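Below are structures written as structure tokens.
Common to both upcoming complexes is chain A, partnered first by chain B, then by chain C.
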Partner chain A sequence: MFENILIKMAFKNIFRRLSRTILTATMISVSLISLMIMAGLYEGMIVQMVDATTKSDSGEVLIQAKDFRETEQIKYSIKDSKPIEEIIKNDPRVESYVTKIRAQGLIATAGYAKNVEIIGVDLEKDVKQSKLDNYIMSGELTFGKHDRGVIIGQTLAKDLKISVGKKVIITTQDINNEVVSIALKVQAITNSTGLAKSLLMSKTKLQKTLGLGNSISQICIIMKNRADSTTFANELKLQDLKDLVVYDWTELYSMLKEMEVMMTTINIISYAFVFLVASLGIFGVVLVSVLERIREFGIMMAIGTRFRDIAKMIIFESLIISTIGYIAGAIIGALALLYLSAYGIDFSAFDDAFLMFGMDPHMKAIIRPAFFTDTLIAIYIATILAVLLPIRSLKKRKPVESIKEL
Partner chain B sequence: MFKMALRQILAYKQRTIITILLTLAATYMFVFLNGFAHGSRMIMIDAGVKLYPGFIKVINREFDETPSFENLIFDMEDTLKKVKSAEGVEVATARFETFALYSTDEETIGGMFTAIQPDSEAKISKLKESLIEGEYLSSDDTNALYIGNEFASRLNVKLGDTISFISTGADYSFAADNIVIKGIFKTGLFSFNNSAAFMNKKYFDEVMASKNIATSIVVKPVSEDDDEILNITQNIQNNLSDEFWAQSYFITMEELIDAMIIDEVFGYFQLGIFFVVIFFVIAIYNYLNIYGRIREFGILKSIGTTPAQITKMLFLEIIILGSIGVGIGSGIATWNLKYLNENPVDIHKLYGDAIDIEEYMKEYDMVMIDAMPADYNLESIFWHTLFVYIATILSVLYPIIMVNRLKPVEAMHHV
Partner chain C sequence: MGFLSIKNVVKTFNTSADIEVKALKGISLEIEKEEFVVISGPSGSGKSTLLNIIGGLDGATEGSVILEEDNVNLLNEKELSIFRRDHIGFIFQAYNLIPVLNVKENIEYIMKLQGFSQKDCDARVAELSRELDISELLDKLPDHISGGQQQRVAVARAVASKPKLILADEPTANLDSVNSEKLMELMRKLNEEEKVTIIFSSHDPAVIQKAKRSIVIRDGQVTKDTINN
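Moving on to the complex of A and B:
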């Protein structure tokens, strides 16, 4: 009952100095909005990088023949993928998987040549997994009649100055170490970040060209839940897979994992710094508010209010201001993040620079419930810490004695 | 007025200490973090440019759009002479860059195949000083190859081994020869070590039918100052016909420079968050202080002090406090930047175990650098300091407006 009265009094008190309350609440909400946007964009950037790399390239779990990763030689291929495909197919945690061929070669136009990574895929299956149809800049998503077409990455197209419809010559080494060449037509150019410098062609055609028969270079698996990838990879590693090696994406792209950790650390440091400074602001406001009402508190104590209740009222006041700041910040922050997750920020004027880091130039934010819960906890901790000293200071000044000063 | 401001500063110690500490922290962070980050960006660009691409490059204008053998520098000697005669050019060298398939008994791998003029090249790029085994090329070498260590490893060849190459000559003829590995290099750029090989241009011209032909001419200017580089690029262009295009590294390395700009923008965004909250707190303390002195301002007004004089006094207070905080913060940041400019940070120590920096550079195709110097640029320090100073002074604007709105009697009754 008395708690309710204290809360009511706290409410009334914060409106006595409205501009002060607004200033403090604004400080909290502006800090919150900025931090949420920063965390949302940074985490969104990492998620986009992981997605682009895993979906268009290796998958979240990758199976290759032993020594292929180190040497990139096609002789280290998976001769019979059926048994392992059966295991993958029957696991309920697996969303999809595709098989691919990879080879190094030379791509040449009429007047220029460049080394290139050639990837052979079953286009229909690959599009389902990689969502490549969302990343076609020009041309049509097809390998054309008799599989004589290729889809090339944006950077490669730019380096070679080629466009859709142009002929390119691909030269590479087959399974018998003989140099082989094929002429293909550019059907489409993709801006998928994972394929920026690569070339996609028909898996069957590449198998024939390289003399690989039905052998493949790798199996790329996407999980229903990315968090299951490590467990699933570890389970596969325990099976008798003979000459096969299994990797989960954190092993393949340790840099992405390290970047994820680094971004989290940066976010934690930023949150800690911002709320530490913000608590200094709250401290100043509470201290002044407490000291200017010292006689008021003296009277309250003289008519029987315990110091503990006065302290509670001061804490309530601070928490109410923080909550107002939090609610305003959370609403505006959520709206900003919703906008940024739907429309993103378009940095396509700098697309080469973004592609250099495997980043999507169309940066999108993500929203996680933790953005709201973590900040709420941080704000309340900062507020409680900020009011401790003013309360201590009030106690030292003995409010009851201050009545005598009237 | 100054004395009154000074007395107020000494009377309200809590506001004084917090304002000074916060402006000090804000200035230090803004000046130091910017200088340090800018220094690391500059060294990355510098290392990238000096490794191989060069500060200025001349190509056939059509080559940029259509990089074919139709669009080369065909009268190389004459063009080279004109480039060298431009004011500000220290050294210039010609290159013929193409691709080839390299074959050993077991391996066939595609890679860069570039002809260089060994003596002048050594003065422009880091090729010569990156030698780790064997010898660098000389101008009388014949079928000798200078190859990246990772590329040699992929081909499974060592010093003295013979390999074959197949490529297309400048006249579109079929070009092939056996070449001997004369030297192996290792630069800080993994992709370069993994795919590049060089040959003496004199011999290359015989095999590739490229006598007096180059794909580009690369220039080392006398100065590395950005404005000077642009002037020298223009001087070179003035000496050449429109058929050629002199490009500064701002064009040839646009991708890397853009990446650094983006990094800078994100850096400012992050600092901006800290900044906003710091200045809110400074504003709150000034607000509380001025608010607590409303009665005093009422008395001052009632005895004839004008709003302009009150404004002046309050501005003087923040100018004194700001000057102390900003001055100390900027001073410490400047000293630290100077120290780190002269004693660059070991990049491996900086990141420690948090990130495998070599793997990171390799992954993103950037030149590995061992040390990161801070950017000690007094002009930049001045502008960043001034920014914090102005922001600090502006933080008292709202309380001043509020105080000046009050009528003397109203202010005197304020509790």
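Moving on to the complex of A and C:
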């Protein structure tokens, strides 16, 4: 029953100094909004980078013939992929998989020539896995009549100064080390970061050109849950796959993994920084609020209120203000994240710099429940830490000293 | 041993310049139940210090203050809170009502601290507000009523939970003569009708003469202890 009076007093105190309450709540919500946007964009950037690389290129689990990765020679190919495809197909953790041919070669126009990675794919299947249709800058997503078309990455298109409809000559070596050339028409230019310096062409046409028969270079697997990729890769490694090698994406792109760790570290530092700013803000406001009410607390103690109850009231007041700040911040932060996850921020003006690091210049945020739960815990901890010192300074005073305070 | 036994109480304050100031120099007093006592003396004589020590708001440097069985000087912080809550009613010179609570909530505050039901609180508030003529003020905040009214509310708060002892530190100092007179009448009535022991301090001769017993303190020592007729 007495607790009811304390709660009532806490609420009345909050409204007694409304402008200060609003200021503190605003400070907390602004910290929270910036933290959520920062975390959402950081994580979104990482997810985009990993997605772009794994989905358009190797998958989250990659199977290749032994020595292909080191030599990149087409003679190290998977001759019969059926048995391993059966295993993959029947695993419920697998979302999808595609088979690809990879070869090194030269792409030339009338004026320019460039080294290129030639990737042969079954376009229909590949689009389902890579969502390449979302990354077409110009042209149509097709290999054209009789598979005589090619899709090229935007960096490559820039370097060659070509556009859709132009002809290019692809030169490479076949399985017998003979030089072979084919003329293809540019059907589309993609801005997928994983394909910036590559070209995509028909898998069957490439198999025919290289004399590979039904052999493939790699099987690229996407899991329903990325977290399963390492376990699944390890399970495949334990099977008798003869001349095949299995990699999960963290082995293939250690830099991406390191970036993920780096971003997590940056996130932690950002959390710590915002946590500190919020704590200092709350501390300042609570300290002033306690100091200017010392006399009131002295009266309460003089007439028999235990210090513990006064401390509870101060903490409760601060937690209410923090909660108001949190709710406002969480709502605005969630709306901002929803907007940023739908529309993102366009950094196309810095295309080259972003592509150099394999990053999508159209940065989109993601939303995780942890953004809300972690920040709530952080704000409550910051609030309690911030009120401890003012409460301690109050505790040191005798009621008689507090009552004399003007 | 009487109701309140004060033995050789010494209180020393240390100033910021590390100088010791003796506010009370070995005060001994025996006060019986239902007494109506005034402690008078010039400013700085030690009246408030003595009242603060009796009420457990401050500790004595030496000596003992025993209210019935409780040796106030030996109680820890938690026990002192309970002691003040259950046994003492305070009336301060500056009224010291809780600003965010209305008059009714201020009066019933200590009763709620003690765990009285809302029904009991309501009955007691109604009784006291009638007696003290503050029924019309119950919904008002302390800032919205006059000084004399605030002091009557402070008296109601002090007596609401029927404490053993009421300590009033210069309760009339901020009041005009009419309100001072009224307050003294009220305190005397409470002493006689509710049988509450009251000790108050004052240096106003008109107020001092209302008490039944008058103790004069000068330079931290009792110089006179008389029964008024």
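Assume the second predicted complex is superposed on the first by the 400 of 406 C-alpha atoms of A that agree within 3 Å, B and C clash if a C-alpha of one lies under 4 Å from a C-alpha of the other, contacts with A are read in each partner's own complex, and residues count from 1 in each chain.
Operating definition for what follows: contacts are C-beta pairs under 8 Å (C-beta built on N, C-alpha and C of every residue); 3 or more make two chains touch, one makes a residue touch a chain.
All values reported here derive from a predicted model rather than from experimental measurement.
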Inset, instruction - Look at A:366 in the shared chain and tell me whether it touches chain B only, chain C only, both, or neither; answer first, second, both or neither. - result: neither
Inset, instruction - Considering only the touch criterion stated at the top, classify A:307 as touching first (chain B), second (chain C), both, or neither. - result: second
Legend entry - Partner chain(s) touched by A:27 [first = chain B, second = chain C, both, neither]: first
Legend entry - Touched partner set for A:98, first chain B, second chain C, both or neither: neither
Inset, instruction - Identify the partner contact of A:296: answer first if only chain B is touched, second if only chain C is, both if each is, neither if none is. - result: second
Inset, instruction - Return first, second, both or neither, reflecting whether A:9 touches chain B, chain C, both chains, or no partner chain. - result: second
Inset, instruction - Name the contact category of A:200: first (chain B only), second (chain C only), both, or neither. - result: neither
Inset, instruction - For chain A, give the residues common to its interface with chain B and its interface with chain C. - result: none
Legend entry - chain B - residues contacting chain A, complex: 14, 18, 22, 65-71, 98-99, 101, 103, 106-112, 166-168, 195, 254-256, 258-259, 261-262, 269-270, 272-274, 276-278, 280-281, 283-285, 287-288, 291-292, 354-356, 359-360, 363-365, 402, 415
Legend entry - Residues of chain A that touch chain C when the two form their complex: 1-2, 5, 8-9, 12-13, 16, 295-296, 299-307, 398-400, 403
Legend entry - Interface residues, chain C side, partner chain A - complex: 52, 55, 57-59, 77-78, 81-82, 84-86, 88, 90, 92, 96-101, 105, 109-110, 112-113, 115, 117-118, 157
Legend entry - chain A - residues contacting chain B, complex: 19-20, 23-24, 26-27, 30-31, 34-35, 38, 73, 104-106, 108-116, 160-161, 171-173, 177, 179, 254-255, 258-259, 261-262, 265-266, 270, 273-274, 277-278, 280-281, 284-285, 287-288, 292, 347, 350, 352-354, 356-358
